[in-house]
Amino acid sequence: MIRFECDYAEGAHPKIIERLAQTNFVQTKGYGEDEFSENARRMIRRLCLCESADVHFLMGGTQTNLTVIASILRPHQGVITATSGHINVHETGAIEATGHKVLALLTHNSKLTASQVEQVCLEHWNDVNHEHIVQPGMVYISNPTEGGVIYTKNELQSISDVCREYHLPLFLDGARLGYGLAAENNDLTLPDIAKMCDVFCIGGTKVGALCGEALVITNETLKTDFRYFIKQRGGMLAKGRLLGLQIEALFTNGLYFEIAQHAVRMALQIRNAFRLKGFRFLYESPTNQQFPILTNEHINMLSQKYAFELWAKIDDNRSAVRFCTSWATREEDVQILIKDVIQLFPPC
Amino acid sequence: MIRFECDYAEGAHPKIIERLAQTNFVQTKGYGEDEFSENARRMIRRLCLCESADVHFLMGGTQTNLTVIASILRPHQGVITATSGHINVHETGAIEATGHKVLALLTHNSKLTASQVEQVCLEHWNDVNHEHIVQPGMVYISNPTEGGVIYTKNELQSISDVCREYHLPLFLDGARLGYGLAAENNDLTLPDIAKMCDVFCIGGTKVGALCGEALVITNETLKTDFRYFIKQRGGMLAKGRLLGLQIEALFTNGLYFEIAQHAVRMALQIRNAFRLKGFRFLYESPTNQQFPILTNEHINMLSQKYAFELWAKIDDNRSAVRFCTSWATREEDVQILIKDVIQLFPPC
Amino acid sequence: MIRFECDYAEGAHPKIIERLAQTNFVQTKGYGEDEFSENARRMIRRLCLCESADVHFLMGGTQTNLTVIASILRPHQGVITATSGHINVHETGAIEATGHKVLALLTHNSKLTASQVEQVCLEHWNDVNHEHIVQPGMVYISNPTEGGVIYTKNELQSISDVCREYHLPLFLDGARLGYGLAAENNDLTLPDIAKMCDVFCIGGTKVGALCGEALVITNETLKTDFRYFIKQRGGMLAKGRLLGLQIEALFTNGLYFEIAQHAVRMALQIRNAFRLKGFRFLYESPTNQQFPILTNEHINMLSQKYAFELWAKIDDNRSAVRFCTSWATREEDVQILIKDVIQLFPPC
Amino acid sequence: MIRFECDYAEGAHPKIIERLAQTNFVQTKGYGEDEFSENARRMIRRLCLCESADVHFLMGGTQTNLTVIASILRPHQGVITATSGHINVHETGAIEATGHKVLALLTHNSKLTASQVEQVCLEHWNDVNHEHIVQPGMVYISNPTEGGVIYTKNELQSISDVCREYHLPLFLDGARLGYGLAAENNDLTLPDIAKMCDVFCIGGTKVGALCGEALVITNETLKTDFRYFIKQRGGMLAKGRLLGLQIEALFTNGLYFEIAQHAVRMALQIRNAFRLKGFRFLYESPTNQQFPILTNEHINMLSQKYAFELWAKIDDNRSAVRFCTSWATREEDVQILIKDVIQLFPPC
């Protein structure tokens, strides 16, 4: 079985394991105040060209999302997101459990637009009974999105502009940010994101780490007391070095970017094979996740040999599936898959 | 500087690091459904002589506490604990953030008693206006306690009996359970705990792991839907193997117990040195944490050479401090400390 | 200005004011345990043919909804409702503030169907990753709905059946239940509702009281500890008699039903006038709220003389508006309105 | 049976009932934007000499407390109060249900002191691990306290000063404020309170209304979006006039103060009788609640003829009880009680 079902099937990039072994006996302070974490913070700030940013390390995506969102919103406010947003569909109501409504908007190709955000604000503030309605309090987007799609620099700038006009902090969930930065035709950089967003995270778990996300807060107001929130939500590790060390390793000599480029290159080869045969896709993804729409027959054939995820039923005969690559995906496995795709009967 | 300030200053026991390296390229399912986690679960069940127990792995203590407590209580219920309980003082209101009052009782030597629990229940149910008061909904104890003190089998049995009489699930926080089981005069075993408690955790982070706690649920009712709660509170790791692997390594060939015995032996040698010189202690601890009461002058002298934690001010001239040992504590360092203690002026 | 904008513009039905004056000096117990409340409870139970029901009195609709829903759901569960449901749009996130997601479904004519509820359940339980998704925990419907529409006996029975199959308590919000029972072609009775639902409320505020809703709990499990929840959410009045007295007055000699019938009769006369002229309606309402779709010009003309609410913009030229009647609506005012409607230019 | 067990046994002062009847057919806007509420707001502002204050009307005490406190605190903050504070003991965890810890301090005579508040702040900010501890975020006091005791002008000024130094909003719960202002030796005025506190309420329910508290917000920051909070917590009445009308009636021609003076005068006569006979008191109350300590025998004798509340067990032979007066207490009933007290055997 050749596995393409997710980007978290293996442990960590070997350089991380090596680094854990190497530093194991060094004694450090706890709770993220160790030297490895401090160094990782410096590296992130430098890459973002933002010396004033606060950088924290958290274990995983849901924890990061709920901690950030609950720290920003007041009780009567909600967070605007795409209906496909991770916080809306795959976090078991983690945001609501902190007391806040997720204001989910239907999107095209899984991306939110600036004008959608503006419309929600206009509708809210123009309603004479707005006190009876959840107030929009911030915007959450992910890049890449749940569909593997990326925002252009212009799109993000427009969203950022609307957010600032309506005083809505903008939070970018970068659980797979590496793959977004390495995507075909991407024109966004870390410094752009640091300028346009108020807070964002750079995901480690799905880009080569055992666990860990780097959270970057650029908005001065949002920095206040953030460590209290990490602690309260259960995210402050006694051995915080575990997170700092991994991020440090990932950003040493550009490993993070190298890993991501490899994965995207592998994914695009897979995409091109499906495209060549005339298959359509659920989302137009230039990143490490590809969502071709296959017939049930194709799905059955491919599942004999490959592991991949069933993503969304299209109709009785067809479903979108997900093929996912990572730092650990081997080029020879991709070549084998491509050969098999090429031999599939073409879709009608 | 010789460090005794905590039990989480180093990485993990080398066998854990070794195991991480060894298994790194194995492909597994995510979210704790991997084979390492499954194996660790079996090991825990066997050690607890409780084949029907549910075993989950979580990252850290606060996360475990808030997830368990919020899963058990209904909205109008609170959790009974000692005022010194971790959930009452050192979790930034994590429990209250899930909506529940911590019903904190003053204790002697940091331990809750069965009769205290009973009294709270009697007072509540005898009050004609009990609907205006938070209903006691469960009991939380830690073993060892925050003061390093352990419960005897009889004490735990009595608490368990009262809890069952009043239908209060009993949760034992074993963040340092290894040290409790290895404590001088301990008569409690894992099977005892599994029988007397409804849910308890076996801490890894402070007993040799990088991170991770094994949560054992023996009460049938409390098992339902528990994975939803882990996910909702941000505790479900994509690479759940990280936790399973470590617990597996710790319970292979009794490593966990061996580590804990070493640490306790070191701590008792330190305790005996202070005792010999007539020092008194804040708590009577038979575990890896010792809390001698020192004069400011003693504290200043010892801090030149040793790292240890200032724990509680006793009066203007004296404070209780904490010396803490772990798997990584070296016997030669303990001997050096003992020599220095022996040469201290005796306290009046 | 003749007012049709809501059903809460005046005080209370005069019989209520009279009763308040009459009983003012009677001394009673507090917190809803007075004799007036007890008598009102008996009356409600009798009308519902359900002697075992628990009956509580709360101040208003949002408070009732949040208290009931938070009392039923466990933390990982959400409440299924129509997107137009009051809890989804007009309670400032009151439900989410108690920690729960509102699972809102698009509806036709503002009514939820049994098959929609079933589909949500099937999708949830068939998803292999259902632990990452909010679990459906109960169903909320209102009767009449926000659109003034009513459920038939068959429809409610079907929803009830699905709910019982999937163990979802069914909560019917009857803020305007009187108008639903008095509606044209209604075939539902209070005993039907008591049998089919697990908990429901009979609204007072919008059917002649100063304030107050009677909450009826028929499901044994949901009765437990309910007074704690009322107190915790701020709904337990020291002078609970204020609520009991009003409900008692409303159900003495059928006043509640009489009021509602009057209001519905008035509303249907208004509806018929608009219909006669060919106007369409946003919802097909047989109750005291009517939502004709008018051109901006019509709206301007009518607003000179009548107060009514702008409800939903249809396009640049047209909006749906709401005309609302109540116990206090005078027949002569309705006649004047009808004459004016008859003289409107017909819509294209 | 002559009743002294609470100050909410009757309906409302007759002037309120009269006013309800008189205005019943007036049509008004809903949700507290009616002319009666507007007028009541103006009256309150004038009495407080604070034209810029925001004034809202809520139904009852618990609702007011939870709405105010949840609107002020950020998630990691708690509210400082006396252990006897209503929010700590008699609101079924309403504050914790909004996510916040109640930081309860042991008090003498049920009053918090400025130095206690300061000490909590110093301890918090001096702790190197303060991020692990709930941050003090505001102060809650009640005046009169749960023990009927009042703060002097100097005491309140000192608390206010400390609060401002540590940026803690000060909330005064005046559920029985009228009785405090009318108390023997009181030197506080409404304008003093408006200047020294950031937000406070003037209770109606226990001082002659059917229900209703006037909430006065003087701190500019705390005013923002407050109506959203009222709505979200279920406190916004469709017929908000019910509250506005009553407050308006209470503050017309000084009725509120007159009622309170009568009740206090009655209570002090009762107090003096007990004092004369050598009885001691649980609290030194100069207001409408008196807490003499009686033997079980005395309690049995008096309960034959009088209703009063058993408050706190002192020892096996004695308990503190509560005698409570109100606008409705009749002087002749007080005289009868006094005669009976005078004939009691004196306590040892």
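In this document, chain identifiers A, B, C and D correspond to the written order of the chains, with residue numbering beginning at 1 in each.
By our rule, contacts are C-beta pairs under 8 Å (C-beta built on N, C-alpha and C of every residue); 3 or more make two chains touch, one makes a residue touch a chain.
On a predicted model such as this, the values are computed, not experimentally measured, just so you know.
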{"item": "Contact-richer chain pair [C-D vs B-C]", "value": "C-D"}
{"item": "Most distant chain from subunit A, judged by the mean position of its C-alpha atoms", "value": "D"}
{"item": "Averaged-CA centre spacing for the pair subunit D and subunit C, given as whole angstrom", "value": "34"}
{"item": "Averaged-CA centre spacing for the pair subunit C and subunit A, given as whole angstrom", "value": "42"}
{"item": "Cα-centroid distance, subunit B relative to subunit C, in whole angstrom", "value": "50"}
{"item": "Shared-contact residues (touching 2 or more other chains) in subunit D", "value": "75-76, 91-93, 97-99, 131-132, 135, 228, 231-232, 236"}
{"item": "Touching residues (chain side subunit B, partner subunit C) in the complex", "value": "70-71, 74-76, 98-99, 131-132, 135, 225, 227-232, 236"}
{"item": "Subunit B - residues contacting subunit A, complex", "value": "3, 6, 8-12, 14, 17, 20-21, 23-30, 59-67, 91-94, 97-98, 205-206, 210-211, 228, 231-239, 241-242, 328"}
{"item": "Subunit B residues touching subunit D - in the complex, by the definition given at the top", "value": "75-76, 78, 89-93, 96-102, 129, 131-135"}
